[in-house]
Amino acid sequence: MFRHTDYLQFDVKPEKPDPVYAHKLQELIGGAYGEMTVTMQYLMQGWNCRMKGKYKDLIMDIATEEMGHVEMIATMIARLLEGAPATDSTKNAAGDPVVAAVLGGMDPQQAIVSGGGAMLANSNGVPWNGSYIVASGNLLADFRSNAAVESQGRLQTARLFHMTDDPGVKDMLRFNLARDTYHQNLWLAAIEELKADGLEDTIAPDDLLDEEHTEHATSLWHLSDGPDADKGRWAHGTAPDGKHEMGFLADPQPLGDKQSGPPPDPKLYATYDGALGEPSKPAFGTEKGVMGKIKDAVDPDPTG
Amino acid sequence: MFRHTDYLQFDVKPEKPDPVYAHKLQELIGGAYGEMTVTMQYLMQGWNCRMKGKYKDLIMDIATEEMGHVEMIATMIARLLEGAPATDSTKNAAGDPVVAAVLGGMDPQQAIVSGGGAMLANSNGVPWNGSYIVASGNLLADFRSNAAVESQGRLQTARLFHMTDDPGVKDMLRFNLARDTYHQNLWLAAIEELKADGLEDTIAPDDLLDEEHTEHATSLWHLSDGPDADKGRWAHGTAPDGKHEMGFLADPQPLGDKQSGPPPDPKLYATYDGALGEPSKPAFGTEKGVMGKIKDAVDPDPTG
Amino acid sequence: MFRHTDYLQFDVKPEKPDPVYAHKLQELIGGAYGEMTVTMQYLMQGWNCRMKGKYKDLIMDIATEEMGHVEMIATMIARLLEGAPATDSTKNAAGDPVVAAVLGGMDPQQAIVSGGGAMLANSNGVPWNGSYIVASGNLLADFRSNAAVESQGRLQTARLFHMTDDPGVKDMLRFNLARDTYHQNLWLAAIEELKADGLEDTIAPDDLLDEEHTEHATSLWHLSDGPDADKGRWAHGTAPDGKHEMGFLADPQPLGDKQSGPPPDPKLYATYDGALGEPSKPAFGTEKGVMGKIKDAVDPDPTG
Amino acid sequence: MFRHTDYLQFDVKPEKPDPVYAHKLQELIGGAYGEMTVTMQYLMQGWNCRMKGKYKDLIMDIATEEMGHVEMIATMIARLLEGAPATDSTKNAAGDPVVAAVLGGMDPQQAIVSGGGAMLANSNGVPWNGSYIVASGNLLADFRSNAAVESQGRLQTARLFHMTDDPGVKDMLRFNLARDTYHQNLWLAAIEELKADGLEDTIAPDDLLDEEHTEHATSLWHLSDGPDADKGRWAHGTAPDGKHEMGFLADPQPLGDKQSGPPPDPKLYATYDGALGEPSKPAFGTEKGVMGKIKDAVDPDPTG
Amino acid sequence: MFRHTDYLQFDVKPEKPDPVYAHKLQELIGGAYGEMTVTMQYLMQGWNCRMKGKYKDLIMDIATEEMGHVEMIATMIARLLEGAPATDSTKNAAGDPVVAAVLGGMDPQQAIVSGGGAMLANSNGVPWNGSYIVASGNLLADFRSNAAVESQGRLQTARLFHMTDDPGVKDMLRFNLARDTYHQNLWLAAIEELKADGLEDTIAPDDLLDEEHTEHATSLWHLSDGPDADKGRWAHGTAPDGKHEMGFLADPQPLGDKQSGPPPDPKLYATYDGALGEPSKPAFGTEKGVMGKIKDAVDPDPTG
Amino acid sequence: MFRHTDYLQFDVKPEKPDPVYAHKLQELIGGAYGEMTVTMQYLMQGWNCRMKGKYKDLIMDIATEEMGHVEMIATMIARLLEGAPATDSTKNAAGDPVVAAVLGGMDPQQAIVSGGGAMLANSNGVPWNGSYIVASGNLLADFRSNAAVESQGRLQTARLFHMTDDPGVKDMLRFNLARDTYHQNLWLAAIEELKADGLEDTIAPDDLLDEEHTEHATSLWHLSDGPDADKGRWAHGTAPDGKHEMGFLADPQPLGDKQSGPPPDPKLYATYDGALGEPSKPAFGTEKGVMGKIKDAVDPDPTG
């Protein structure tokens, strides 16, 4: 259960309105690497965590913080839109390049749909959606996603930092940058701790390493003609997992059979010359499991 | 430019058709962490790479390989669908639990739309889309995303490995697991190399560390009541970047002003009691840049 | 079955082209509260209505009208795009702020994709989709959605009314505003009539009121610290349904157990320390329904 | 800023796992009328509210509660998935109708992607997205949307109530039903209060009533042949807004001009026989606003 | 403007309910090649048509018919869902393979969301969206799309014809198949007529043939190793447009420069070693068009 | 399996950067008719082709070429973005119409998300998705889709050709136009060849012509009032398939029963007055197939 205070985690005080920048800031609220993504990714990971204790508690702390970041960005956008020339007609814009500059860069929906507030969408107006997040239950895989999301998030924040001169906006972004720095450190530390605790190792998931075709777990297939692909550490020496030697396959050849589809079901009307024969039937009907035995007993006619 | 051979990178030979499993395998072709995602993520990163040499060449090698994995999974799905009871009526299913079991688990579009072939969609039928990928130009941020995607990808492959008994399917998955293992090692090694080469450091991007509010780059805000959040390494000691001390804020208080929107534009019809006054105008019109000077010179009436 | 006349329901005669406004008008054709939404929402409700007579006939009348509104907006957009500077190059725009003002505010797809016509998308270019509509079969729930959609629709139309000076465009919008006014009155009246006819009451659906935990159907949980939440009518007196007393829970405490996930299936690779034990099996396999009895009779080995 | 407690708002204790029901419950977390929608709709409305006091405080109270409902449903889904036969092969299903029944009704992504947890998607696997919500700033329009969403939400919950026999699941749903009942009453009361406070009236928005074509704000256009459309209150007497008389247009005729597009720009390659002549140019370039004057002064050649 | 009659274009009388088939039929209402697509594609093409007369009138006739097909399929789905076991619990399904067969194949949203009616979605539950349609204004390009859509539509209908034994359903499908046959003939005839009328030729659009690099308009680039690609008519003889000779490029070599990105803007933080130098500035600022001259005159300091 | 060379299929050398045009070019990479669509459509068709030989080999040749076109457009976009004023603040834009013109027309995500590179999205920022493609297995239906996609693609390229003055960009587009010309000829020739080879005929699929209601396969239903719909070849004479006479139904009347839904399941809460009686049960439970017999034998109580 959640509780809320009206006070923002950090100050959100732009010096002046700037509707064009309000448009760009949408990326931080509804983009694939924005605050909605980290909020929902961490919440779903926390709820899906199968261990009590420090990991679950950590995830819930951060998730709850991130929801407050959505609040900060939504508030910043509304304040940057104050008095925006949303209802100026095109005629005005055409005669006034100052208005033109602003109108051309505004998000139409911030005026027409939300009446001067934020949308739950990215800087191109595409709504945020649930496929941006992952909560797999495997903490190593998920913490790597988290470190990646925080990296893209700080990168986008840094780019946006250079797109404004407003000291109030910059002040808020200095806070966001700092939190993104800490959160990168945090998830990297948590990955180390998973290993230190013996819960996960280097490869996610830490299993089936004996089942996989080990001979194919080691080398770079050189399928593009850039000549320097083997100059890096990924083509030589011991792998980060400490278990594999890494190498380079300079002239890789296909190992598989020739690509083809099976003969088609005539009732599905694939174009077909008959050369592959008739399709075989799925195996299920010919096997005698429990149900097969029952059917034989009750009704020996298999076409019944 | 690309070239193609009809021979598959590895064998794709299911022992028997299995349309229910063909449905599940869609996740590996069109899911957020499937083969389409790695293909397009790596291609776009390679084309967006701003340095000649080993990094770009590496990315293009892997990208080209992954496109061949889309081909493998698409072929496997078609072969698993051979002779699937797609055109059996519901009446048959109701009378035959063997058919019922299969029909209930099939993907309707694999029959109706693709006629026994793969769809470019996930295991719930949602089409693959371009927002699953990232190619930011910052290799540290992107390689972290790559390591994360390969981790989720291997995790999903491992889960799917346990959902089939077919030795031919398992044989292909053993290859995919191995490649995912190598690719995890590869991206982890490439991250190390970026640092060794002095191109990136621990925090992405490696800049604005002096601009950000450093005092907020260090501590976990304890906003959920789980008592163990400070038991981990992320709340103590030196951060992975070697530059920050990490700490714990046990009773964090909001630092910001009270959340509120500005006074609304009356023509946008937000419900309003007038208590906040009139909205201020955006700053642009009152400033005298080049255009302001021109306007003053030509037409002193600012409403013109 | 439908019939069509080429004459528009109302005049669509802009005085002058205005491609920037044509961009904004997309919201009324393909936005979540645009004409496509009301058309398809009402059609699907009419077809899904399970009573002959006035309600079904009403819905079909309005649905058929709305399709004509899609036609009007699509025509207006095409006419506003006449002679738009779609093929002017950026160089021209950069040298001419008049062109710049227009180009910056145009919808690229209205030129590149539809060649000077409307798109089936909103003012940010996101395609209209079927999740915007609802047709639940419950007329109270659906008529409330209809009244809500007409309210948002008139609100957006009113905002757009202020964004143009073109008397021809404004003339059409005066018609749309009037229809939206009538349609709000209409659905509010229809909600009253459902109650007068004894078909529905205040709560949708009008059932399970005795099954629900009545003690939790009455009070506002005060989970945010704004001090005035109990100053409204929703926290005092008899509820609109005439059946509940409404109140305020000033210091609500969680009533539930502690959030946690169950022990995970090891083959799904959730990170796990084993502290929660083994997962239990779903109940189905241990019950002896018809199939269980059959299985016992035919094959006493449950692992068969 | 938010805070979180690990204790759930209400008990979430299913008696037995039921993965098929877990699939259906996705509708309440990620469907268009599920808990994510009310959470984000209310949060964005609260942040976009332009008045201090009871309305804003009310919205934030409810929004904060709803986030706790997402938590409840996500937890219920995870518990219903305990020990689900996710890794049983199709062969097993084909031989055991008990397993078949379960496998056929499971959500593949709940196993493959989230490892036994909830997805942020609906019961057909479509990810939740930000276009499901509205926060227009106009409280009348928004509260109508809220009443509508709570109505659809309770309707879906009531349907789901009949799809399970599990007393623990039903216990939670009894709580959800009760909250949905209260929330319907709440928003209906809040709509009354907006009017009592003189902030809004019956029509949203409460303006432009004099600008609109009043003669078209009153009657039902009879465009479908069902004979009973005029039998309802919407076609007679005073409208709910107390300002209009409602009527019926039994044989409506189109009032507008003939539908047509303007002559096309030849460089956009619409198929065209030339009969409509050449397209006119947009008006902007021929007008002499500030910029026109500047251009004349500096460079009299308009093609420059 | 449209009018509607309650009588269906053709009989929609299933003999018995069949909820599993109702699920599959969703493809014909909300799939990419279903009735919503042809309805909206033809409507938008008709409204976007820039010539009066036979082509526009034809398109509007067909468009209006197709809307009636949406009505037919929506009605069929509702009737097939009559008495569907939507509210049977999983426990019942697990004990009764007849129920299991049905439940496993049902669309959860047809029960939970639409209460026994159709959804505006495909057979995997993905909502229909506006990107499925095209209305480019070029009739040759659009009629080819129309012929293609009718072909996919008849193909899917034919597949669905084999998935049911219900004589009432088959009777409706016999009508749909016939209309799809006519509509294929129709669009093929209309393509011929465009050419006969001298409005379009073989290549769409019929222009820029002299501007394009003609030497590359003739041959198949052999980039995959299948040996038979040159065995078809597309690699020999005169092209269908009567203007080109078609050929085969057996060993094609890249004609372009090496793929690379330009030097990056340092404020965007692409990883960069500096080897490509500094990025050049876009050309606009250095050119002296109208605005450049103005700026020089008013403010000679270009950084002003 | 694929291989890649770093050399582009054709030169991609813009003379100057042009970020506004880079925005528009997104349509050719991620639009519904862009290079991603043809790449994935042809790849999936090739892999889904059920015949060895010329058709499959042809498709794979073209598919492999198209992937190289994605590469070309992505590279062009990056080069056009060199030195784009992405990090100029709005204040600068407001004072400089040259910057304003550029900023207003830029894609925010090309700066914020991809750091100066292409996105996998269209010119309105909507991500490319897998529903744009079709690979049905029926080559006639698919080749018609291919001819249609190439037509829309060349049309969009031709429009974009007129939107730039840059000789380097135009040079690349001359190549693309030429390839689109050839590809249109190619697919039209391939359609002829399918017929010449006796694999398909005029109607797709070439079956069920005797099953369909032939009397409805011939005439245009005149449902819109445009008077010229029967002036075209589609309403007279022999159809393109050589098998039907085409005609015109001047005053078509509905042939079907009255539209209505069946009586609703009371537990789904459709609003209902009972006039249609109780819903019938689906037929399955009353039939005695194999399972019915088993159930009778084991447990004569049908409610068991």
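Remarks
Here the chain labels run A, B, C, D, E and F in written order, and each chain numbers its own residues starting at 1.
Convention: a residue touches a chain if its C-beta (ideal position, glycine included) is under 8 Å from a C-beta of that chain, and two chains touch if they have at least 3 such contacts.
Protein identities per chain, from UniProt: A, B, C, D, E, F = Manganese catalase family protein.
Here the structure is a predicted model, which is why all the values come from computation and not from measurement.
The chains that touch both subunit A and subunit D are B, C, E, F.
Once the centre of each chain is set as its mean CA position, subunit B and subunit E turn out to be 26 Å apart. Our note on geometry: subunit C versus subunit D, Cα centroid distance of 3 Å, whole angstroms. If you average the CA atoms of subunit C and of subunit E, the two centres end up 24 Å from each other.
Each of residues 1-9, 18, 32-33, 47-48, 52, 55, 60, 63-65, 68, 71, 75, 78, 86-87, 90-91, 94-105, 111, 113, 115-117, 121, 124-127, 129, 131, 134, 136-138, 140, 155, 158-159, 162, 205, 207, 223-224, 226, 254, 256, 259-264, 267-270, 283-284, 289-292, 294-295, 304 in subunit E touches at least two other chains.
Contacts between chains leave no pair untouched here, as each chain touches all the others.
Listed in rising order, the residues of subunit E touching subunit A in the complex are 155, 158-159, 162, 267-269.
For subunit D in complex with subunit E, the residues that touch the partner chain are 18, 20-21, 23-24, 27, 31-33, 97-98, 100-105, 122-126, 155-156, 159-160, 162-166, 223-226, 254, 256, 259-264, 268-273, 275-276, 294-295, 298-299, 304. Considering their complex, residues 1-9, 30, 36, 40, 43-44, 47-48, 60, 63-65, 67-68, 70-71, 74-75, 78, 90-91, 94-97, 113-121, 127-131, 133-138, 283-284, 287, 289-292 of subunit E touch subunit C.
Listed in rising order, the residues of subunit A touching subunit C in the complex are 1-6, 47-52, 55, 86-91, 93-95, 97, 99-101, 103-105, 107-109, 111-113, 115, 121, 124-127, 136-140, 194, 199-200, 205, 207, 289-290, 293-294, 297.
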